[in-house]
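Next, two complexes with subunit A in common: one pairs it with subunit B, the other with subunit C.
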Partner chain A sequence: MPKKKTNNIKYFLLSLVAPVVGILISAILLFFLILLIRKGSISDTIHAFYIMGQTLTSTQDLGYIIARAEPLVISGIAAAIAFRAGVFNIGTEGQYYIGGLVASIYAIYFSFKSPSLHWLNVIFVVIFAMLGGALWALIPAILKVKKGVHEVITTIMMNQIAYTTAKYFVNGPLSGVKGGESLEPKTMNFPAAVDFHRLYDIFHGHFPFPKYIPLYESLFIAAIIVFVAYIIIFYTNWGFEIEMLGTNPNATKYSGVPPKVVVFNAMLWSGAIAGLINIQEIFGIKGYYTHHMTSGLGFDGIAVALIGYNNPIGVVLAAFLFGFLRTAGYNLQFELGIPNSTMDLITGFIIIVMVIASVAMNRYISKLRRKEVLSEAGDR
Partner chain B sequence: MPGDIILKMENITKRFPGVLANDHINFDLREGEVHALVGENGAGKSTLMKILYGLYHPDEGTIYIKVDGELKPVKFKNPQDAIKHGIGMVHQHFMLVYGLTTIENIILGYEPSAVIDFDTAKKEIQKIMDESGLHVPLDVDVEVLSVGQQQRVEILKVLYRKAKILILDEPTAVLTPQETDELFNIINRLKEQGHSIIFISHKLHEVMAIADRISVMRKGRLVHTMPKSEATKEKIAELMVGHPVLLDVPRPNVTPGETILEVENLTVESDTKGIMAVDNVSFYIRAGEIYGIAGVEGNGQAELIEAIYGLRPPKGGKITIKGEDITGKPTHVIRKKGVSHIPGDRHKFGVFLPFTLADNSILGHHREENFAKYGIFRKFSNIAQWAREIIKKFDVRTPSEKVPMSALSGGNQQKFVVGREISFEHELMIAAHPTRGVDIGAMEFIYRQLFEEKKQKKAILLVSADLDELLLLSDRIGVMFKGKIIKELDNTSRQVTPKEVGYYMLGGDVEIHEDSDIAGGEQSA
Partner chain C sequence: MWQTIWFIIRSTIISSAPIGYAALGGVFNERSGVVNIALEGILLVSSFGYVAGAFFGHSAWWGLFWGIMAGLLLSLIHAVATVTFKINHIVSGVALNTIAIGVTRMLSLVMFGQETQSKTNSYTQIFGMDIQWLVALMLFLVIAPLSYWLLFKTSLGLRLRSVGENPEAADSLGISVEKMRYTGVLIGGVIASLGGIALYPTIWQSGISGGRGFIGLASMILGNWMPIRSVLASTMFGFADAIRLLDFVKAYIPDEFLTALPYVLVLVVLAGLIGKARPPRADGVPYVRGE
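Right after this comes the complex of A and B.
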């Protein structure tokens, strides 16, 4: 029996080869890129890597890394749920615009005004953001199940509609721009009882928590999502049926699981979670809604899910990697004038190398397993 | 009249992991002949043609093509290479671009000039149409054309690319009888113009009607090539089915009990709208009885199973299990009513290859309380225990239930599937080709398991392309032909002969009408 145990560890380690290789090769590429940008100065290049290392040791930078990773974690999980079912929901982008919008309407018009009911407001913000996201996924889901329209087409179109819908509400019914104030389009401010508390304000006085860390209550929401997603994916029949469908739709049908129902549910849940992607910025940082918020979080989440193997833990690690690269990128730009887009390039490169490496590794692993089974079973 | 040999395939061998798809095949084609290639699904016809068309590369063997009056060895890197050498393929599933017109589809990829000169193209296509008799409207969206017309477009495409050798892959599968007659007229016309045609089919009366020579493939080998004058349908059928090693597994003596499955006047539509794959079929199976369905593949067996198993809603009729109506119910309900199913294509329908054996062991029953708390939270130790029992009881060779299904050999995968379906509570077992692609050892094991089922007083519906298997196992045999059970044979004491079944498989008396129809069509050509 001990032999089997070591084998499982072996296969687990082998599955980590691809990400490690991706990051290592990208680091080498980054080295030469910086060398090129700094006109061949080796010392500058080494200094650049030193700065990147410092990003990981400074408390404030760590705070920024987590703040940048948080929406990507939610986005990555939203995408992963659909991907596991073999549904390519690339509409998480639009789903978070609408999720945020619906939650904002709640916050402006229907929220509890008493600060003691803040926690109820948080719960309702989450519920309405999820409803908004699910609503935006509902139309592609219905079209796919009833008419067989491919979700990539419909979700992309829904993204566009989401943006213009948000723009309409911000400039129209919800507009908070009054004469004499800033001209940046935004909605009315949320009541104070809705605004997410900073972690500093929560922990202050209980234990030392650094003051300039831009983290909010929404971090707990992201953590809960990771935990629940992990349980659902690996410990429940919902996750099992999603996995079945994503692996072999025909056999799924034969075992009596209706593929359409699974597709529909996966799409809606993916959308519901996507609705929560940007609540940190809307309800924490800003305190009002605008269509001029951080965009592209949905698409980044797709990359995060890809790198994280559609696994919640993998998604967290990948989101952390993205957060780190962004933060380190800002520091490099600030201190050495290395363009921030260098980091985008590296991110893309990591994805490509990893995807190639993981395909090769998976092939190798399954070959190894087959050989092992055949030799142990004494079978031809 | 057929002339010289223009194509020769010598010692063609192609291996796929675990399968010898083509085993040293020798095949040739003469100028102006129709050479039919027949065989059951999986016999290796498609592989051989894909090699000829440059889609696959042979592991061994050489292809010779007549160039300037001389046979020369050629190597096709891709289909473009094959087209350059005058080989064109008409696929069973059309490769047409909807939204483009007929003419655009025909010239696609072979436009006469960079700026498309439609007039020249049209003139050329018109000429081909006049010569071959293939007339289709050129300036309409191909989507609006009928299936028969779309097939003509496919043939025109091939002719436009100047093909001399045409591969027609089961061209009649999608056609109505009238369209089939028209196609045969066209084939004869093409023949007269010196084209050579490889005609792939498993419909024997069509092969007899159109072919000059006939080659039969079975299990990756080309077993026989003969001119039509030497061929009879019975002979072809015999060669197709073959005489595998006869396994003699003793049949248990079981007195049939109450009726378990009753099918009354069942009618099921095929994928093509309006055509009934199963046409007014009635039969019943009692407890402790094995009912075999014989028939050349594609005569409605698959659709019959899908209807009983809840995957295809019937158009009419009634299906009952122990008197309870299950007509049109979804699969998960039908499984709960006590129906187990060994699917015909295990990789496609029976297993999830990347999943562990444990996960594969509970399919369709994963929501039962034994495997999941409240039907939701999976009970992993119970699932593993269940999988281990199947592995032990059905002698599946594997180190543990934790390995992925893909790591097992084909025979062991099938044993696992059979074991799983037997292990679930059931009254009716639908076994479709239960021994396809497994070795003799696994085959015998599966036969014994099915007899064990019989002893346990289960009702078993067996569909198989292997005639010997049917005769060995079944108590009664229903022969399907064109969607109907045209004959039911009593085999309680194994008295039915392969010849008898074969006669009805080809339609029995019904067949005679068919042939005269086609012969008539041929004369008018």
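Right after this comes the complex of A and C.
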């Protein structure tokens, strides 16, 4: 038995090769890009890497990193659930626009106004955001299961419809723009009893937390999602069914699990969680809804899920990597005039290099395993 | 009256062109068995390539050259990742779209001093004709029929399609699956780049592609992976885009409704039409010999 255990550690270490290779090669690319932008000044380039390192030591930047990583954690989990079942939910982008919208309608019209019922409001916001997201995933899920339409194309359509729907509601029925107040289109402000500020006030009022750390209710919701997703994926039958369908659809057929039901559920839950992606910005930071909120969180979440191997822990790590790259990118732009979009380029590059490396590693690992099995058979 | 009709026809053609080119690019990709959602990124980089090339080369020809080169380069990365290294096609597409956003914004800051848009490019004429109009017309008059001919009337087209339908059979007949898939992705990339050039040759803005690459993919599916039908499907989106600009339409119908209508239509059509629309059999499946 001890021999097998060392092998497991070996395989675990081998699975880390791809991310490390991806990050290293991307760092080299980043070095040359900065060198190019700074017209060949090596000292500037080294200084740039020093600034990136500094990002990790300042509490203010740490706050920004957490705030940027938090939506991506939720988004990554949402994407990962679908990916595990072999479904490509490209629609998380639209699902968070609608999830936020439905929750905002609740907050504006139906929420409890008494501050003592704040936590009830939080629960309802979460429920309505999840319902909104699931609603937006419902049509692609039905079309996929009943008609066999590929989910990538339907979710892309739903994304476009989501944006215009949000725009319609913000400019029309929900509009809260008063003359001369602001140029940004937005809804009416939420009642104070809804705003996700309770925990922030408690923590920052009683403990010496740096004020940039975004301790909104949404941060804890994200933590709960990670925990629950981890339990479901690794410790329940349902997680096992999803896993089986994603890796070996034929096995699912013969084991009596209806694949269509699994796909349908995975799509809906992916959408429901996606509905929660941007609650930090809507309920924690802004206190109103607008279609001009941060966009692209859904697509970033897909990348996060890919880099994190569709594993909740991996997703958290990848989301923090993204948060770090973005924050470091802003610092580079501020101090050296290096465009922070360089970081988008690097992000995309990390994904490609990492996935290529992991495809190669998987082939190597399965070769090793085969050899091992053969040698064990030879021992007997 | 006639003036309005001509205006609608002309703006339909111009608005359809980027979508139609993307759809046609998608046809070549997917017929060879490669799913390419990086079409969106190709539109973005080729649009930037045209504006930057023409602006600094002082000629629309340089614009054309760099526009196509930019799109070709992105397609080449997609081909290397999906065909040579056999990674998941959608993963590569997502990554390339991110790269396209990053690289255009970065270069825009370096070249034009602004991250979100370029300077105004005044070299938009070829043979005394407006290049946007010329490229848009070319799609309907030349490129679409030519693509049909290439895919369905030549032996290259037959090989390309065979690789997308049944790579094992094609391989056993001595057709190189990898070479054919590279051909499909690269031809598709050049065609989609023309769409980026037709987008807006005067100025480049961050996010100018606005999802048109994705809509091109939808057109391709509505067109059942057939070149001419895909281009015709794209005119539906172009038409909706064109009539949005008219005053009397604006007065009666909320803008958001018209924007969303084509997407809703696609969903309705897909819900009713499936069974007839069928992707190439090996679409999106990496080909590994002996598996």
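As a working rule, the second predicted complex is superposed on the first by the 371 of 380 C-alpha atoms of A that agree within 3 Å, B and C clash if a C-alpha of one lies under 4 Å from a C-alpha of the other, contacts with A are read in each partner's own complex, and residues count from 1 in each chain.
We adopt the following convention: a contact is a pair of C-beta atoms (placed from the backbone, for glycine too) under 8 Å apart; a residue touches a chain by one contact, two chains touch by 3 or more.
Because the structure is a prediction, the values reported are computed rather than measured.
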Do subunit B and subunit C fit side by side on subunit A after the overlay, or clash? clash
Using the superposition on chain A described above, determine whether A:Pro258 touches subunit B (first), subunit C (second), both, or neither. first
Which partner chains sit in contact with A:Ser366 here, subunit B, subunit C, both or neither? Use first/second/both/neither. first
Considering only the touch criterion stated at the top, classify A:Ile313 as touching first (subunit B), second (subunit C), both, or neither. neither
Check the residue A:Tyr235 against both partner chains and state whether it touches subunit B (first), subunit C (second), both, or neither. first
Return the chain, subunit B or subunit C, that is in touch with more residues of subunit A. C
Once the shared chain is lined up, is A:Val20 touching subunit B (first), subunit C (second), both, or neither of them? neither
After superposition on the shared chain, which partner residues are touched by A:Gly148: those of subunit B (first), subunit C (second), both, or neither? second
If I apply the document's touch criterion, which positions on subunit A are contacted by subunit B in one structure and by subunit C in the other? none
Which bits of subunit B are touching subunit A when the two form their complex? 309-311, 330-335, 341, 343, 348-355, 359, 363-364, 366-367, 372, 375-378, 397-400, 402-404, 406-409, 412, 439
Subunit B partner, complex, touching residues on subunit A are 4, 8, 235-238, 240-241, 243-244, 247-248, 250-251, 253-258, 366, 369-370, 372-374, 376-380
Under the touch definition given earlier, write down the residues of subunit A that touch subunit C in their complex. 33, 37, 88, 90, 139, 143, 147-150, 152-154, 156-161, 164-165, 167-168, 171-172, 299, 302-303, 306, 339, 341-349, 351-352, 355-356, 359-360
Residues of subunit C defined as touching subunit A within the complex: 35, 37, 77, 81, 85-88, 90-92, 94-106, 109-110, 115, 211, 214-215, 217-218, 221, 254, 256-257, 259-260, 263-264, 266-267, 270-271, 274, 279
